[in-house]
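For clarity, chains are labelled A, B, C and D in written order, and residue numbers in each chain start from 1.
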Amino acid sequence: MAAQAQKANAPSRELLEKLFRTAYKIRVFESEGIKLYRQGLIRGYFHPYLGQEGIATGVCAALQEGDFIASTHRGHGHCIAWGADVKRMVAELLQKETGYCRGYGGSMHIADIRAGNLGANGIVGAGTPLGVGAALANQIKGNDAVTVTFSTDGASNNGTFLESLNLAAIWNLSYVLVVENNQYAVSTRIEESTRDVDLYKRGLAIGVESHQVDGNDSLAVYHLMQDAVEKCRRGEGPILIEAKTYRHMGHHVNDPGKYMPADTLAYYKERDPVDRARNALVEIVGLDQAEIEAIENEIKQEFEDAVEFSKASREITLAEFNEFVEAY
Amino acid sequence: MAAQAQKANAPSRELLEKLFRTAYKIRVFESEGIKLYRQGLIRGYFHPYLGQEGIATGVCAALQEGDFIASTHRGHGHCIAWGADVKRMVAELLQKETGYCRGYGGSMHIADIRAGNLGANGIVGAGTPLGVGAALANQIKGNDAVTVTFSTDGASNNGTFLESLNLAAIWNLSYVLVVENNQYAVSTRIEESTRDVDLYKRGLAIGVESHQVDGNDSLAVYHLMQDAVEKCRRGEGPILIEAKTYRHMGHHVNDPGKYMPADTLAYYKERDPVDRARNALVEIVGLDQAEIEAIENEIKQEFEDAVEFSKASREITLAEFNEFVEAY
Amino acid sequence: MAREIMYRDALREAIDEEMERDSTVFIIGEGIAERGGSYKVTEGLLSKYGPKRVRDTPIAEAGMIGVGVGAAIAGARPIVEILYIDFAMLGMDMIVNQAAKFRLMTGGDGRVPFVMRTQGGTGGGVAAQHSQSLEALFYHIPGLKVVMPSTPADAKGLLKYALRQPDPVMFLEHKHLYMTKGLVPDGEHVIEFGKGDIKRPGKDVTLIAWSNMIPRTLEAAERLAAEGIDAEVIDPRTLVPLDKDMILGSVAKTNRAVIVQEAVRRGGVASDIASIIQEEAFYQLDAPIEIVAGLNIPIPFNLELEKASVPQVDDIVLAVRRTLHSKPLAQAAE
Amino acid sequence: MAREIMYRDALREAIDEEMERDSTVFIIGEGIAERGGSYKVTEGLLSKYGPKRVRDTPIAEAGMIGVGVGAAIAGARPIVEILYIDFAMLGMDMIVNQAAKFRLMTGGDGRVPFVMRTQGGTGGGVAAQHSQSLEALFYHIPGLKVVMPSTPADAKGLLKYALRQPDPVMFLEHKHLYMTKGLVPDGEHVIEFGKGDIKRPGKDVTLIAWSNMIPRTLEAAERLAAEGIDAEVIDPRTLVPLDKDMILGSVAKTNRAVIVQEAVRRGGVASDIASIIQEEAFYQLDAPIEIVAGLNIPIPFNLELEKASVPQVDDIVLAVRRTLHSKPLAQAAE
């Protein structure tokens, strides 16, 4: 989570490894999580971040402790990139008392409020005002924290987009709105939802510095974000970043996603963000296959341990619940 | 309300007289209405349209029977330009049974639903979705009606702006959003509410043809609107028109408007829309003072008659009300 | 004659028949056109009625509802589908301040034949923002009709009626009911608002419930029958207008009432029905009216806690027993 | 010692003192900074605390409320002023789905010390969209505190408490009360939530009211006193949490209750309080609980009709008389 000092051109091994580790950890979490879902261990909604890993990875690498994030219904990736403990994440999905929300929240509400992660949200678009609010709180407290809301193409057609980004603008908040444009809202193509698919223009129209980036390129996202964060800390926020990307599967675990054209899917899979992060490590810093595998195995092991931990954890008891109800 | 066929260059006497009559009628209605308010004959809210007459005047001159309008809390001008009966308007403000809403609505809800005026609205921004809905109904019915929402600078920062204009856009509705940018929301200057005061850009950002016009020039508004209406009837809607203007006084009758800088106010008063409509009639068509006065006296008389009529009207009885309550 | 079909199919039949009958009926919602809706209620309508009358929307609930209200005012017959009742909160202004009030504000001239279809209730781990039962919010707003069908036949008949009457209707389905089956009469089947239905006649106690609490209450009634308690189960079907006569008639007979609602206890519709019964049938009551309702808490993700948050069959049975063991007033007053 | 000040001044004192005490308290709203607010509650705060902590906003209620909730989650103490409670409908998602549920959804870790100040009620011709009493909507949502002060002292003490406790508070003022006067204690004056106040002790009948119905109910009580009827007037002050003990204690003494609310009858808070009383004090009631409430209709512009739509002193007096003339149950049961 520590901000990186150096600029483009020669990315350090440290940075590239960090990007790959994060992207890969998300990939493992989602792929293995889907298996747990299919085994019936996870219920409710599960929206995988597969294919979009580059965004959370690049964005969070440019943030530091004390910053805040707010997320979407597709929030596992943001949570991981933010540095969450995979154990407590899996435990939450398995509705265990050791989960981040003690099993009260689940996938759609996973949060780590103590670390400045305001959490996933079941209401599309709701993370924007919440994030702007966190930025406002930090401005009032007088610190230099930056707040990021991860948002979506779907949320960009919702009123909260305009209202809250406009508030961030008139108040010059240290706020970055990251619009993950994966070009779908469930099965609805972005072209059906708006006439202009370049969503960053909506920021420009209200005087907000706005950029577009390839969301599958975690390094590009990182550099753009690093610049945005610096500007914010100088009081030149807010900034909007539209990151184009594509899902690797349907909207949620049970959506086969048949409506996604095979050739478009293939196009994006060729530009897989995890592969690209791995390749960068191999090509730019020269890691060999064994080194890569060591990293991958470590991450896989971390997930397996998390499953063990979660299975061994207990659920909230009815007595504990009743106490909570009384106090609510 | 009949659409004019001819284009710019040589405006007809008919058109110019119509524009002046409408603008002047609004001027009289508001100035005299304020007196009734001060006499205690009108209660609740009264938001005068003084200074903004050019917009409703120009817009409605380009519409025809069968079209629809939706209005704002500052709705008298739209109502009059739409061709409403001044008698029933005054009666409504005086809460009489002969009023457009039988005294149930008042200034903020004055409507003439049978003639396609969806009415004023007490909720800033609400007219936008309602107008888009009327346009949708007409598209479904397959007629060529155009619907206009009169909206405001204030409403442009509200979520309904983005959500409903975007719906109008993806459905290619015959819809014109007229943003009356009078540069204030009560006492809040537009510069405090947004970084970019050119509101038409928000239409452009979502692929909507958008224009800016001097709202104090009813003829310019008319021409732009005529073009927009033609495009809509050809299926090329929606269109956004931002009309810049300025109030001649505070936000409502009881607001002295001290926050409005004297020089800016003077600037706009020099460009008074009623004077300009009158001057056009004198300069372009050559009407003399006597002819102008005849028109003005006729309109003043119409208002006086309306007051007489309204004073002589009765209010809804409690028995009638109870019947309404039972049926509600 | 009648056919046994699913609740979701009954809804589709109603929409289909009314779209056929009235060319101004149209439907908009998220994923309702090409995909046929998250609960398959609108499957096949796009190909039958075309993209003008069956439209997908962006994620813009306030806009969708507002546009529906405007279309209704302008003389069309919109159905706006909101995926979850929870999301209707985004469009509350359009419901509360526009749809519900337009008729009054126009002195009676303006009408809003607008139907919002949505679904609520708990559904197995979808957590706090996708599990609410919010009918009480609409119930409190004058001008709205509130409909909560519990069976396929009621769903069909009430939705058809909704599309023929002039006022805004909150048509509230339940996520657990879509795949339940029931007999639906053949041919034209329309059910007027304001007429409750006795789902089970009985003489010992009046049970009032709606939506997904009906199957649970009927199950409770069967268990009580085994104990020799003969419960009458009343489904008002429409909460506004409410069939007070049916409720008061039943209480006059049984002298005891239990109201079952999935929504949270505090400020729910059950409280209002209780207040009406105690006001109008005070001298007929032999025991306090019992309310079996959701806990005053958002719905937790954890499934056991979710279950504990809303009424189960056991809770209903226990409440009825409590009611019957209460001493009659005449004794108490002595 | 105490001073006689206006309700609006009492509110300003509370905000001022809490802003002084806690540097994370801030306030946003339409026209609240330079103009000092439509009801002059925030006058002078801008010059004292500066534009960082006292901010005007665009007309974006959902955004304002949402931003307030976010700021609260992130550790500040926002006050969001919404001009009319009617406009809060635009921010319902943020209130219902975010503010109220965050604590539960985070398993207790997340708290939302957010205060929304707004005002409701009829006010002389401001019509359907500016006259509502909508407390019942918030009352029904678990996680929200609902506060409705009727006097300057209560306004001050409760607002100060609101700014020190960890949950979202709907602080509902009344447009008719801003310029009413009352004694407010000098020095630190904080009133805990959940403690009702007996505004007039009495023994014959319990009258429960809040907000602007308190002055009317007190007036009714005086008129009843002249008839020899000694009414106790209870102001719960906070509807959530509700001081059930005080209400039940009073009913145990008087055996009769009348609840007065400005909001419409159907589904109002009065119904819920009635349901609680009948449930917990059934055997102590000598007559049905009367509810005096608004008609089930949006508020008309016409002033006579507006008056007819909400409870007046006469209505309260009549209801109390009806209650007292009801035959006690013991007799009725015979």
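The working rule: a residue touches a chain if its C-beta (ideal position, glycine included) is under 8 Å from a C-beta of that chain, and two chains touch if they have at least 3 such contacts.
On a predicted model such as this, the values are computed, not experimentally measured, just so you know.
Engineer: For chain A, which other chain has the most distant CA centre?
Structural biologist: Chain B.
Engineer: When I count C-beta pairs in contact, which pair ends up with more: B-C or A-C?
Structural biologist: Answer to which pair has more contacts is B-C.
Engineer: How big is the gap, in whole Å, between where the Cα atoms of chain B centre and where those of chain C centre?
Structural biologist: Centres of chain B and chain C (C-alpha means) sit 41 Å apart.
Engineer: Chain B to chain D: how many Å between their CA centres?
Structural biologist: That pair's centroid distance is 38 Å.
Engineer: Between chain A and chain B, what distance separates the C-alpha centroids? Give it in angstrom.
Structural biologist: Going by mean C-alpha positions, chain A sits 46 Å from chain B.
Engineer: If a residue has to touch 2 or more other chains to count, which residues of chain B qualify?
Structural biologist: Counting only residues that touch two or more other chains, chain B contributes 101, 103-105, 109, 121-123, 157-160, 163, 166, 170, 192-194, 324, 328.
Engineer: Which residues of chain D are in contact with two or more other chains?
Structural biologist: Answer for chain D, listing residues that touch two or more other chains: 57-58, 60, 62-63, 86-87, 90, 93, 97, 104-105, 127-129, 142-143, 295-297, 300.
Engineer: Spell out the part of chain C that touches chain B in their complex, as residue ranges.
Structural biologist: 23-24, 26, 52-53, 55, 57-58, 60, 62-76, 78, 93-94, 97-98, 103-110, 142-143
Engineer: Mind listing the chain A positions that touch chain D in their complex?
Structural biologist: 68, 70, 99-105, 109, 111, 113-114, 116, 118-119, 121-123, 126, 128-134, 136-141, 147, 159-160, 162-164, 166-167, 170-171, 324, 328
Engineer: Write out the stretch or stretches of chain B touching chain D in their complex.
Structural biologist: Going by the criterion above, the answer is residues 43-45, 95, 101, 103-106, 108-109, 121-125, 154-155, 157-159, 185-188, 192-194, 259, 315-316, 318, 321, 324-325, 328.
Engineer: Which stretch or stretches of chain B touch chain A in the complex?
Structural biologist: 157-163, 166, 169-170, 192-196, 201-202, 204-208
Engineer: Which residues of chain C touch chain D once you look at their complex with the stated criterion?
Structural biologist: Result: residues 62, 86-87, 89-90, 92-93, 95-97, 100-101, 104-105, 127-129, 134, 136-137, 139-140, 142-143, 240, 263-264, 266-272, 274-276, 278-280, 282-283, 285, 287-291, 295-298, 300, 328-330, 332-334 of chain C touch chain D.
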